[in-house]
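If you scroll down you'll find the structure; I have some questions about it.
Think of it as A, B, C, D, E and F in the order they're written, each chain with its own count starting at 1.
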Amino acid sequence: MKGDNMTFANKLAASAGAAGLALFAALPAWAQEAAETPTIDTGDTAWMLTSTVLVLAMILPGLALFYGGLLRTKNMLSMLTHVLAVTCVAMLVWVSWGYSIAFTEAGPFFGDLSNLFLKNVTADSISGTIPEYVFISFQMTFAAITCALVVGSLAERVKFAGLMVFAVIWLTIVYFPLAHMVWSAGGFFFEKGALDFAGGTVVHINAGVSGLVGCLILGKRIGYLKEVLAPHSLTMTFIGTGLLWVGWFGFNAGSALGAGSGAGLAMINTLTATAAAAVAWMVAEKVAGHKPSLLGGCSGVIAGLVAITPAAGFAGPFGAIVLGAVASVIAYLFVTVAKPKLGFDDTADVFGIHGVAGIVGSIGVAFTNAPGFGGPGAADYAIGAQLGTQLFATGVAVLWAAVGSGIAFTVAKLVTGLRVSEEVEREGLDLGEHGERAYNY
Amino acid sequence: MKLILAIIKPFKLDEVREALTGLGIAGMTVTEVKGFGRQKGQTEIYRGAEYATNMVPKVKIELVCDDALAPRVVETLQQSAGTGSIGDGKIFVLDVGQAVRIRTGETGEAAL
Amino acid sequence: MKLILAIIKPFKLDEVREALTGLGIAGMTVTEVKGFGRQKGQTEIYRGAEYATNMVPKVKIELVCDDALAPRVVETLQQSAGTGSIGDGKIFVLDVGQAVRIRTGETGEAAL
Amino acid sequence: MKLILAIIKPFKLDEVREALTGLGIAGMTVTEVKGFGRQKGQTEIYRGAEYATNMVPKVKIELVCDDALAPRVVETLQQSAGTGSIGDGKIFVLDVGQAVRIRTGETGEAAL
Amino acid sequence: MKGDNMTFANKLAASAGAAGLALFAALPAWAQEAAETPTIDTGDTAWMLTSTVLVLAMILPGLALFYGGLLRTKNMLSMLTHVLAVTCVAMLVWVSWGYSIAFTEAGPFFGDLSNLFLKNVTADSISGTIPEYVFISFQMTFAAITCALVVGSLAERVKFAGLMVFAVIWLTIVYFPLAHMVWSAGGFFFEKGALDFAGGTVVHINAGVSGLVGCLILGKRIGYLKEVLAPHSLTMTFIGTGLLWVGWFGFNAGSALGAGSGAGLAMINTLTATAAAAVAWMVAEKVAGHKPSLLGGCSGVIAGLVAITPAAGFAGPFGAIVLGAVASVIAYLFVTVAKPKLGFDDTADVFGIHGVAGIVGSIGVAFTNAPGFGGPGAADYAIGAQLGTQLFATGVAVLWAAVGSGIAFTVAKLVTGLRVSEEVEREGLDLGEHGERAYNY
Amino acid sequence: MKGDNMTFANKLAASAGAAGLALFAALPAWAQEAAETPTIDTGDTAWMLTSTVLVLAMILPGLALFYGGLLRTKNMLSMLTHVLAVTCVAMLVWVSWGYSIAFTEAGPFFGDLSNLFLKNVTADSISGTIPEYVFISFQMTFAAITCALVVGSLAERVKFAGLMVFAVIWLTIVYFPLAHMVWSAGGFFFEKGALDFAGGTVVHINAGVSGLVGCLILGKRIGYLKEVLAPHSLTMTFIGTGLLWVGWFGFNAGSALGAGSGAGLAMINTLTATAAAAVAWMVAEKVAGHKPSLLGGCSGVIAGLVAITPAAGFAGPFGAIVLGAVASVIAYLFVTVAKPKLGFDDTADVFGIHGVAGIVGSIGVAFTNAPGFGGPGAADYAIGAQLGTQLFATGVAVLWAAVGSGIAFTVAKLVTGLRVSEEVEREGLDLGEHGERAYNY
C-alpha cells in the first residue's frame, strides 16, 4: 500500500517530465529520494501539517461564514450547522471507504476497497516525504470542503436530513471517483496528462456543477426575485473571504506536498491571481455603471482563488494575474447578467463562481503553463495539445458531476423530501430545523 | 384624522404596503415589535435549556389618514394582511388631534 | 394631556432632545423605525440583485405633556427637526386620558 | 376601548406579562425603546472618548382592552413593573375608536 | 539548564520504550540525535512555531468567542476582557516563575525556583530539536488557555479583579504543579507511566474541576433556570468552535514536539475523534426527541477534542472515533440530564464538557492505546495495568484541582468579593465593570 | 542543507558581534552564502510559507475587523472594502515595480527598475535558504499591510477612489524606498547599522506618520468630539486584535527568515512584550480613575506588538516586557490626554498607537539589545552609539513618511477630492460609496 503513494509521487515526477513541467523538474532529488528510501522530511511534514490545518480553517469557520453572511438572519444558523455536519460526515466517510476508493490503484475511474478503514496504514507509513496519515488528513479536508461547497447552492430551503443523505451518496459516487481520476496513479485524467495542480476539476467544477443540479432539483426559494433577500451580514461574508484566502495557501501551496519551490510558486500565484481578480470584479462593476462593492471584491477574491487552483504550479505570477482577472470578469458577467435571465436560484452562486471560474481556470492553465506566457512549461510545451486535454478533462468532470449529483439528489429527495415545508422556509430554517436562533441580541 | 395602528405578520408587509399605496396612502411608519397573543412561539433549546418563547416577531404599522379614508384603510389592511391562520394580528384606530409636516410646517390633512 | 408622536431623521435626534429639554420637557421615549413616504431610499445591489429600499431609517419620539405645553412642543419639534429637505418627517398629536408614574403611583400631570 | 401604553424596565417584562395574564389579558405588543428621563445612563469611555448616554434601554408595552378592565390593567402594571427606584417608567391611557381582528374580521371588544 | 530539557526528551523516549509506546519508538533517531548533539531541526522548529501560534489562536479569538457567544449581549464584552486579561497575566507569570516550577527537576510535585525569570535560558538554548524559547512559548500558551478555560464557568457574574487574583494563585498552586507532574522529568504522573499525550489531565480535567468549584463558590446567576438566558450569538460560538478545532492541531499534533509521525498520528486522530463526537452529539439530540442543533454540534466538537487530547498519540483513527463518540454522548447526558438535576450554574459547561469528556478521555486512552483496538501500543501492552494507572492519575488530578482551586477562589473572594453587585449583574458586566458595550448598532 | 541554517545562525551571532547588530549583518552573509551553494531548507521554507500566510491573516480579516469594529455601523463595510482593495492593489504594484525598487542594489534610497515585473526571478530562484518567490510573497504582505494600516486614520470620510490613487503613489514614493533603506543590501539605514528587526520604521512609524498627515489633510469627521461616535462592535475589534496578535508571529518571527533560534527569540518576545503592554494599558486606565476596558486591553496589545517589532530579535523576554509596558503607557497617555488637546481626528488612532509605540520601540531597541538588559547584543555593545543611530533612523523615517505622504495625499486630493460629500458622510459610506449595508438583520 505504501507503494501506492510512492508510485503516486513517481508518476507525478514522471508525467511532469513527459509533459515538460518545470515544477516537478525542480524537485527531482525529492522524487528520487522518495522512491529509494522513504524517509520523513520534517520541513515538508511541517508544511503539510500546516496546510491541512489551513484547509480546515477554510471550511470552519471560513466557508460557513462566507455563505452564512449571504443569507437572511433566519437561516444563518442552519448554514453553519450544514457546513459543520457535512464536514464531519465527510471526514468519517473518508477514513471509512473514501481514501480506499480514491487512492488505491485499481482502474482509471475508481480505486477498490482493499484499504477500507485504512487497514493498511500505520503511524509509520510514509507517503512521499511525509507520514501517510498526514497525506490522508490533508486529502480528508479536500473531500470535506468540496462537499461543503455544494451546500451554498441549496441554502435557505434544503432539509438537514436530505443534505446528510446526499452527502454520503455524492461523496461515494462523485467525489471519490473524480479524486481518483485526477490524483491517483492510474487515474483517468492523471494518465491523460491533464493539468490540475490543486483540484480545479475535482473540487471547484465538481462542486459548482453539483450545486447547480441541486438548486434546479430543489427549486427556487419563496420570494426569489420578488422579495428583498439581501445578505444579513456582509461582515461575516468578509471574514469568511479572508479566511478562505488565508486557508487557500494550504490548498494550493499544500498541493505541492512539500515545502519547496513548487509551494513557493503556488503561493505567489495564489496571491497575484486573487488580487487581480478582486480588482477586476470591482472594475467590472464600475464599468457596468455601478458602485464598486464589498461583495464584488469578495466574489472576485473567490473567483481568482478558484481559477488559480488548477494552475497554481503551472503559471508565472503575471500569467496568474491575467487568468485571475479574466475568470473574475467572466464570473461577474455570468452572475449578474446570465443568471437572472436563466432564472435558476443558486443561493450563494456556487456554480456562478466555483463552476464558472473553475472552468476558466481549467482551460486557462493550458495557456498559463506555456513559457511564452511566463509559465514553467518546458521549451517544447504545446499549448494546442494541452488545450485539447484540458477541454476533454473539463468536459468529463462536468458530465460526471452532473450525472452523479443528479442521482444523489434524487435519492435524497425520495428518502427525505429534500426541501423543508413552506412554513419552515418562511419562519426560517434556524428555528424550524434546529430549534435555535443565530442571534438573540 | 385617524391613527391606524396595525400589528401584522412580518412577511405580509410588502403586500400590505402595496395594497395601501393602491388606496393613495403616501406614507406610513413601520416598527419591528414582538407580539404576545394566542399564537405561540417556537420552543428553543440550547444545550438542554429549553425556552418556550411566547413572543412572536410582528411588524407594527402606524399610519395617519383623514377620517374619510380610515374605513377603507382598515378594510384594505384586513384583507391584505390576512392569511386566515392564528396570529394574523390586529388593527386599532385612534383619533388624532393634529398633524404637522416638519419640512413645510403644513398642518392637518395637508401634512399627510 | 397630549401624546406627541414625532417621526424625524435619526441624526437630528440630539438636537431635538436638547431643544425639548430647553422647554422643560423631562422625559420622552425613542424608537428606531422605518419610514415609508415621499423620500426614497438608496438602491442596494448585492451581486447583481438590486433592491430599491423604499424604507428609510427614522426615529420616532413619543412624548406626553400637558395640554398647555403641547403647542410649544410641536413648534420646537418642527423647528429643531427640520432640515428643509424631503423626509423631515411628521408630528402627530393625540389625546391622553391618563398618565401614571410607576415608581410613585402619581397620576395625571404630576406623573410626567 | 383603551390603549394602554406602558414604558417599563426591560428585566420586568416577564413579571408584568405574567401579572397581566392573570387578569385575563390575552394579548399585547412589545417594543424595545430607549428612554430619556430622570434616570441617567452609564458613562461609556472608548479610548479616552467619553460618552454620557442619556438614553436608557426600556421596553414599551401596547395593550388594548375594554374600558372596564383598563383601571385594573393600569393598577396591575404599576404594581408588577415597579421596583421603587428611579426610571421605573410610565403608563399612559388613550382612547381607541375601533379594533379589528385581521384573521376573522371581528371588531370591537370581540377583536381583542 | 539545557540538560533539563535534554533529559526531558530522553525521558520521553525512555519511558516510551519502557511502556512500549509506539509513538516515541517511531522517533528513535530523533531522540538519540538530540541526546548526542543538540541541534535545531528546522522542520521540527517550523512546526512548533506554528503550533504555538495555533494554540494562541485557540484562546484569542477562539475561546473568547466560543464562550462569549453563549452569554447574553450585556456580558459579551466582559468575557472577551476576561479571556484577554487572564491570558496576558498567565504569560507574564509563566516566564516569571511558572516555567521554573513546572520544568525544573526537583521533586515529583513541584520543580524549584532555580530557573526563575528564565535566567538559565538564552536564544541558543535548545530543547530536544527546537530552540528552548520555542518550547517555553509553546508551553506558555498551554498555561494561558487552561486558566482561560476556567473563566467559562464563572461568566456573567464574576468580578474582574477577583478573577485576576484567582488566576495568579491558581496558576501557581494548581496549574504549574500539575504540569510538572505530567510533563517534567521526575514528575509524579510521568514516572508512574500515565498516558497523557497533550494535557488531558493538566488542561481539561483541571479546568473542568476548577470551573465547577468556582461556580459553586460563586453561586448561581440571577434568573438561572427562570429567565431566558439564551446565547446572544451562536454565530460567535460557531466561529470560536471553528478556531478551537483549527488551533487544537497545535495543541495535539504540537505535543509531539516535532514534525514527524507522532504529529501525523495526533493530527488524524484529532480529525476523526472530533468529527465522530460532533455527529454523536447531534444524533443523541435526535434520539432524545429534539432537533439536531448547532450548539449541539459545536459542543460535540469540543467534547471530541477534549477526549482525544490525552489519547491523540495513543490511538488509531478508529479508536479515536469510538472515544470521541462515547465522550460526546456522556457529556451530552451530563449536561442535559444530570446538570439540571444537580442544579449548579456552570455558565458555559466547562465541567460538563471539559471535565467530563476529559475524564472519559483520560480513562479511555488505556483502551485506545491497545493494539487490539488499533492503537500504537506494543504487543505486550496490558490494558488492565494501564487502566489502573489512568484511574489513579485522573483521581489525583481531580483532587489536586478541587482542593487547589478551592483555595484560590476562597482567597480571591476574601480579597475582592469575587462576585459583582446585583445591580451590575442585572445591567450587565460590560457597562458595570468595563464601561463599554460590545455592540452599538 | 540543514548546514545552511547552522551557518546562518552562526553568522547571525558572529556578525552581530562585529557590527553590533544581528539582523542585517546576517543578510550580507546570507547574500554571499546564497551565491555559493544556494539550496532550499524545507524547514525554513515551511516556516516562511506559514509566516506569509500569517501576515495575510493580519490584514484579512484581522486589521479590517480591528478598524471596522471601531467605526459606526454605517461605515463598517467601507472599511472592509478599503482594506481589501488597498491590499490587492498593493500586491499588484509590488510584483510590478515594488520589489524591484525595494530589493535591487542601486543606491542608498532606491533600487532600480532592473527587476521590473520580477523578470529575473523563476521558480528555481533561491533567496537565502528559501525560494525567492516565498521571500517576495512574504515581503508583499508587508507592503500590503503597511498601506492598509494608514486607512485607519482616514476612516468614515475618505473617498474610495481617492484612497486608491493615494495607495499607488504612496507605495511608490514612500514605502518602497523606506523598505529599500532598511532591508536591502546597500540600503541607507542598513548600512548605518540601524536596528529594525521586523519593520518598526518601515511599517509602523511610516504608517503612523502617514496616517497623521492624511487625517490632517482630510479634516475632522462631522460631529467629532460632539456626537456619539462609539465603536459599533468591539466584538469585531477584539476578533481583529486576536488575529493581529496571532498573525504578528509571521511578521516578527518570520522576519528571522528561517526556523531557527532567531525566530524563537522573536516569538517569545512577541508574547511577553504584548502581554505586558495589554496589562499596562489596563492598569493605566485604573490608575487614571477609569474602569479597565476591553478596548484598552486591545489597544495595549497593538501597542506592545508595535513596540516589539523593531526589537523582536534584539531583546530578551524581560527587556521585551519593559519595552512593551513603557510603549503602552506612553501610547495611552498620547491617545487619551494629548490627542484630545491637539484636536486632530485620527479615527482609529493609527498615529497614537502605531506611530507613538513605533517610535518608542525604535528608540528602545537601543537599550533592550544590551546584554546588561538581557538582550542578545555582544559584550562590547555600546548603548549610546546605537541610540544615536536609532534616533537618526527614526527621524529620517518620520520625515520621509511625512513629506512623501503629504505629496501622495495632495495628489489624490487634486485628482479625486479625497473626501466624500457631507450627505454621504452622514448617511454612511457603506450606502453612499458602495451601495451595500454591512448588516441587514
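Here is the rule we use: a contact is a pair of C-beta atoms (placed from the backbone, for glycine too) under 8 Å apart; a residue touches a chain by one contact, two chains touch by 3 or more.
For each chain, UniProt lists the protein as follows: A, E, F = Ammonium transporter; B, C, D = Nitrogen regulatory protein P-II.
Quick caveat: nothing in here was measured; it's all calculated off a predicted structure.
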| item | value |
| --- | --- |
| Contact-graph distance - origin subunit C, target subunit F | 1 |
| Intersection of the contact lists for subunit A and subunit D | B, C, E, F |
| Fraction-based call for subunit F against subunit A, same above half, different below | different |
| Over-half contact-pair match to C-F, picked out of the listed pairs D-E, B-E or D-F | D-E |
| Result of counting contacting C-beta pairs for D-E and D-F, higher pair | D-F |
| Length of the line joining the C-alpha centres of subunit A and subunit C, rounded to whole Å | 53 |
| Centroid distance [mean C-alpha coordinates] between subunit C and subunit B, Å | 18 |
| Separation of subunit A from subunit B, taking each centre as the mean of its C-alpha atoms, in whole Å | 47 |
| Contacts with 2+ other chains: residues of subunit D | 31, 44-46, 94-95 |
| Sequence positions of subunit A contacting 2 or more other chains | 41-44, 46-47, 50, 228, 230-231, 239, 259, 290-291, 293, 295, 435-437, 439 |
| Full enumeration of touching chain pairs | A-B, A-C, A-E, A-F, B-C, B-D, B-E, C-D, C-F, D-E, D-F, E-F |
| Residues on subunit D engaged by subunit F in the complex (per definition of touch) | 44-49, 51, 53 |
| In the complex, subunit D residues that touch subunit C | 2, 5-8, 31-38, 54-55, 58, 60, 74, 77-78, 81-95 |
| Residues on subunit F engaged by subunit E in the complex (per definition of touch) | 2, 5-6, 9, 13, 41-44, 46-47, 50, 54, 72-73, 228, 230-235, 238-239, 241-243, 245-246, 249-250, 253, 258-265, 267-268, 271-272, 274-276, 278-279, 282, 290-295, 297-298, 301, 317-318, 321, 376, 439, 441 |
| Touching residues (chain side subunit F, partner subunit C) in the complex | 227, 426-427, 431-432, 435-437 |
| Residue ranges of subunit E touching subunit F (in the complex, touch as defined) | 39-47, 49-50, 52-53, 56-57, 59-62, 64-65, 68, 76-77, 80-81, 84-85, 87-89, 91-92, 95, 117-118, 122-124, 130-134, 136-137, 140, 160, 236, 239, 259, 433-441 |
